[in-house]
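After this come two complexes, each holding chain A, first together with chain B and then together with chain C.
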Partner chain A sequence: MTNFIQHLVDALSVGSTYSLLALGLTLVFGVMGLVNFAYGMLIVWSGYAIGLLAGWHVNVVLAVVAVIGVATFLSLVMGEVAFRPFRKAPPLTLLLTSFGVSLILQASVRIIFGEGFRRVPTPSVLGNGLHAGGVRISVLQLVSVGTGTLVVLGLYLLLQRTTLGLQMRAYAEDADVAGMMGVRTERILTAAFAISGVIAGIVAMIWLAKIGTVQPSGDLNPTIKAFIAIVIGGLGSIRGAVLGGLILGVFESFLVAYLPSVLLPYGEALAFLLVIAVLVLRPQGVAGRVVELSR
Partner chain B sequence: MITLGWVRDRGLSRGGTSGVVIATALLAVVGALGASLYLVLAGSSSYDLIIIFGVNAVLVVGLQVLVGNTGIMSFGQMAFVSVGAYTAGILSVPAAQKKGILPHLPAFLRDHTLPVVPTLVIAGLAAAIVAVIIGPVFMRLTGIAAGITSFGFLVIMNGLIRNAKDYTRGNETFFGVPHSATLPVVFGALTAVVALAAIIKWSRLGLRARAVRDDPLAAETAGISMLFSRLWPWVASGFISGVGGALFAYQLTAFSPNSFYLAQTIPIVVMVVLGGANSVAGALVGTTLLTAWQEFVRNLENGNVGPLHFGAVRGIAQLSIGIGLVLLLLARPSGAIGSREPQLSLRARSKKVH
Partner chain C sequence: MLEVKGLVAGYGKVRAVNEVSLDVPAGSVLAVLGPNGAGKTTLMRTICGDLPVWAGEIALNGEDISRLRTDERAVRGVTLCPEGRRILSTLTVEENLRIGATALLRRAARTERHQILAHALERAFERFPVLKDRRSAPGGALSGGQQQMLAIARALMSAPSLLLLDEPSLGLAPQMIDEVYGFLAALQAEGLTLVLVEESSRRALDFADHGLVMKNGHVLFGGTADEVRNDPRLAGVFLGENAESAL
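The block that comes next holds the complex of A and B.
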């Protein structure tokens, strides 16, 4: 039983990080139909930013703000320069464009910082653990679950309780009609990329604190996790992203715990098997918002 | 009078298969002449480059058969390529070395070695069988969903290869494959593959698939099965990519599961889009353009441009391909030659191109 609770705690911690990753991705998809493959590069860039800031001995609070700033700035640049011209393009063209953007961002990391690993310094307090009845919870796990909850709550309030949120939802529903109703549509994309960038900055710090290093190709893993999560939950749905992330977290943690060791190396393959099953059997995802996947 | 014209794949313009076969043969001859001329002019150091071009072209045609006929973009072609490469590897490592490299292989595989041509065919068939197995699932999806699923297919296949240690050496390097990627082998295979792609395109199968691509609802109303019309191009794509994988193995001679992953997928996708995803000839154009560009930028990265020498800068190649891809999609999403195909016809006038 203790074991089970331990696995559940781990699953919740991993799952909340996946949910955050998925949120940033699904927000932009909801607004413009873009599955942004370059999203993970925001995390890589944040990692190098953390490294630089730590090298300059910047105060932790300031550093957190600065990292979020870097990710938001990059996300905005990406949105305005690369993706805005494509806002009327079919989703597949958008996906291909995001491949191009991710190549650009990755190549610039290579050119500026070089190829190898870099350590991402984290405050040592995150490594401390709390023990309660045989279950170990690290501060980092608490922080990631706490941050996840706060971000989801904040995003929910933003989308449901503010004018901007209402406009974004209207735009996602029908961009043309929203424009006729007086929504300044050109601002919606900017807002979506800004929020996506803020979330990327936040999740970057948690993700990097967990793995401890960053390298130019470090975007693939978080991007894939976010992809899986949004597909399981349902593309373009906020609720789906949260659920999808948590489901993926539970799936992975319990897979490691209870799978016969012969099958262990197939962990990622099994996750994708789940994804394919969802796409074929329930293309609208677990959360059930119907979206047009194949325009 | 023989005229060379352009045909598009829109509407009812169905090109004649004979014309395609003639055009393909012409292409092979011109290609071989061009390659020989280039060898004479640029010296034998560019032999490798021509081989790389040929292998890439087979892989790109493999993807084009799928994208051009069904409109479905696959990011999982490297799964087929890996099946083809490992199949070719197992079949063609000399029997004497095989005992050391793959000691746990079943006896009939361990004690026999096949020559090049049967190996290429079997490698293609192995990948085609994989395509038949996964096809009924994959072909239900289009657009983004298909893209993600095809990538999932790649991840799953990669996991299987990493773990089938008796056959693939798992994560360790598979080596000992003879260097059989010679000019005749590669370009013979390329010619055959281009002919196959062209025949499929202008056949009834291809026409049906493109009808579904352009308007699934109308096509189904006309009695065309969406699933089966897409299945054939998918299986053909698997076969061609498997053959390409075998050639890839012959060119590399040593490889590991990492040789068949996302990093190798993106150039193939870019080549297809660059030339024109709806055209077989476009696949060749795209391969030519990007292979030439990659070679140029590779020299640039190493700090050599003609007589100039400067410090090496890593990442320029990737940067240029990224920027190029975005600009291409913005300026000309249909690629260099769109959906046009060269067509030889024996009539007095070639068909008008609109």
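The block that comes next holds the complex of A and C.
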């Protein structure tokens, strides 16, 4: 039983991080139909930013703000430069563009910071843990679940309770009609990329604290996890991203815990089996409707 | 109020509107008629800014608006109630109306917006009580007739000076069409300038002050509603379509 609870705690911690990753990806998808495969590069760039900031001995609070700033800035730049000109193009064009952006961001990391792993320094307090009845909960796990909850709550309030959120939901469903009603449509894309960037910056710190290092191709794993989560949950759905991330977290954690060790190397592949199963049984995702950017 | 001169517009490489000119005096109703594919919807979408102007000019109260974005035209008072209603189905009825008020609120001072929105919502619910009953329902859950009411109510939320209506009676039961035209008559009485696109002409011509008949992107003829109704060419336009029901 203790073991089971321990796995559940781990699953929640991993799952909440996946949910966060998925939120940033699904938001932009909901607004402009783009699966932004350059999204993971925001995490990589945030990782190098953390390294630099730590090297300069910047105060932790300031560093957190700066990392979120870097990710948001990059996200806005890619939105304006690479995606806005193609906003009316077919989804395939957007998809290919996102691969292009990802390659450019990755090459620039290699040129500036070089090949190979770099350690991402984290405050040592994150490694501390609480013990309760044989179950260990680390500060990092608490932080990741807490942050996940706060971001989901914040995003929900933003989308459901503010005028900007209302306009984003309207734009997501029918951009032309939103324009006809007077919505400054050009601002909606900006807002979507800004929020996606903020989320990427936040999740980058948690993600990188968990794995401890960053490398130029470190975008692949988070992008794929986020993508799997939103496919499971339903593309473009906020609730779907949260659920999809949690489901993926639970699935992975329990797989690692209970799978015979011979099968462990196939853990990743099994995650895709889960995706295939969802796509076959419920193609719109667990929480998805056909078109939406909503709860 | 609205002056269109030599307007050319279309989709891709197709010229769907060719050298169209029209003049809508303030407070009047213009009915734009014509068979399927005449360019009526393209004309409406170009006037509201949803499609770009290829050539020609669109002027609102003497100001050239043909290069303005859709949302800027909405702020200046041009609102389209689009073909097929285009209700935001995942938003509630009230949220649809609030989106409709965006242009109105952009004209107002920041401090007054809250009050203006509340007043506009109240007004819409007075005019369309059925929407008040269903204010929290998703737009997609309404019946076709209710959706048409919502589409008109949403367009009116911007307090437009020029309302463009693209086939407001399309797909509605006859009783519902009567109701829609009842609302339009009330708007006309309030002095709103209307441009109405309909495929079938009798109902629209009975209601309008002026008529304009289009075919293949061109204006065939126009005039007062009576002149258009009595024009022998009218029957020819719809020949092969469904001439009898059209007249």
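As a convention for this text, the second predicted complex is superposed on the first by the 290 of 295 C-alpha atoms of A that agree within 3 Å, B and C clash if a C-alpha of one lies under 4 Å from a C-alpha of the other, contacts with A are read in each partner's own complex, and residues count from 1 in each chain.
Assume a residue touches a chain if its C-beta (ideal position, glycine included) is under 8 Å from a C-beta of that chain, and two chains touch if they have at least 3 such contacts.
In this text the structure is predicted, and so the values were computed from the model without any measurement.
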item: Partner chain(s) touched by A:136 [first = chain B, second = chain C, both, neither]; value: neither
item: Touched partner set for A:102, first chain B, second chain C, both or neither; value: first
item: First (chain B), second (chain C), both or neither touched by A:176; value: second
item: Partner chain(s) touched by A:279 [first = chain B, second = chain C, both, neither]; value: first
item: Partner chain in contact with A:86 - chain B first, chain C second, else both or neither; value: first
item: Superposition-derived comparison: chain B or chain C, residues of chain A touched; value: B
item: First, second, both or neither for A:161, with chain B first and chain C second; value: neither
item: Contacts of A:119 with chain B and chain C, given as first, second, both or neither; value: neither
item: Common interface positions of chain A, toward chain B and toward chain C; value: 293-294
item: Residues on chain A engaged by chain C in the complex (per definition of touch); value: 163, 166-167, 169-170, 173-174, 176-186, 289, 291-294
item: Contact footprint of chain A on chain C as seen in their complex; value: 48-50, 69-71, 74-75, 79-80, 82, 86, 88-91, 95, 98-100, 102-106, 154, 157-158
item: Chain B-touching residues of chain A, taken from the complex the two chains share; value: 35, 82, 85-86, 89-93, 95-97, 99-111, 114-115, 220, 224, 227, 231, 235, 265-266, 268-269, 272-273, 275-276, 279-280, 283, 293-295
item: For the chain B and chain A complex, residues of the former touching the latter; value: 73, 137, 140-149, 151-153, 155-156, 158-160, 162-163, 262, 266, 269, 273, 313-319, 321-326, 329-330, 333
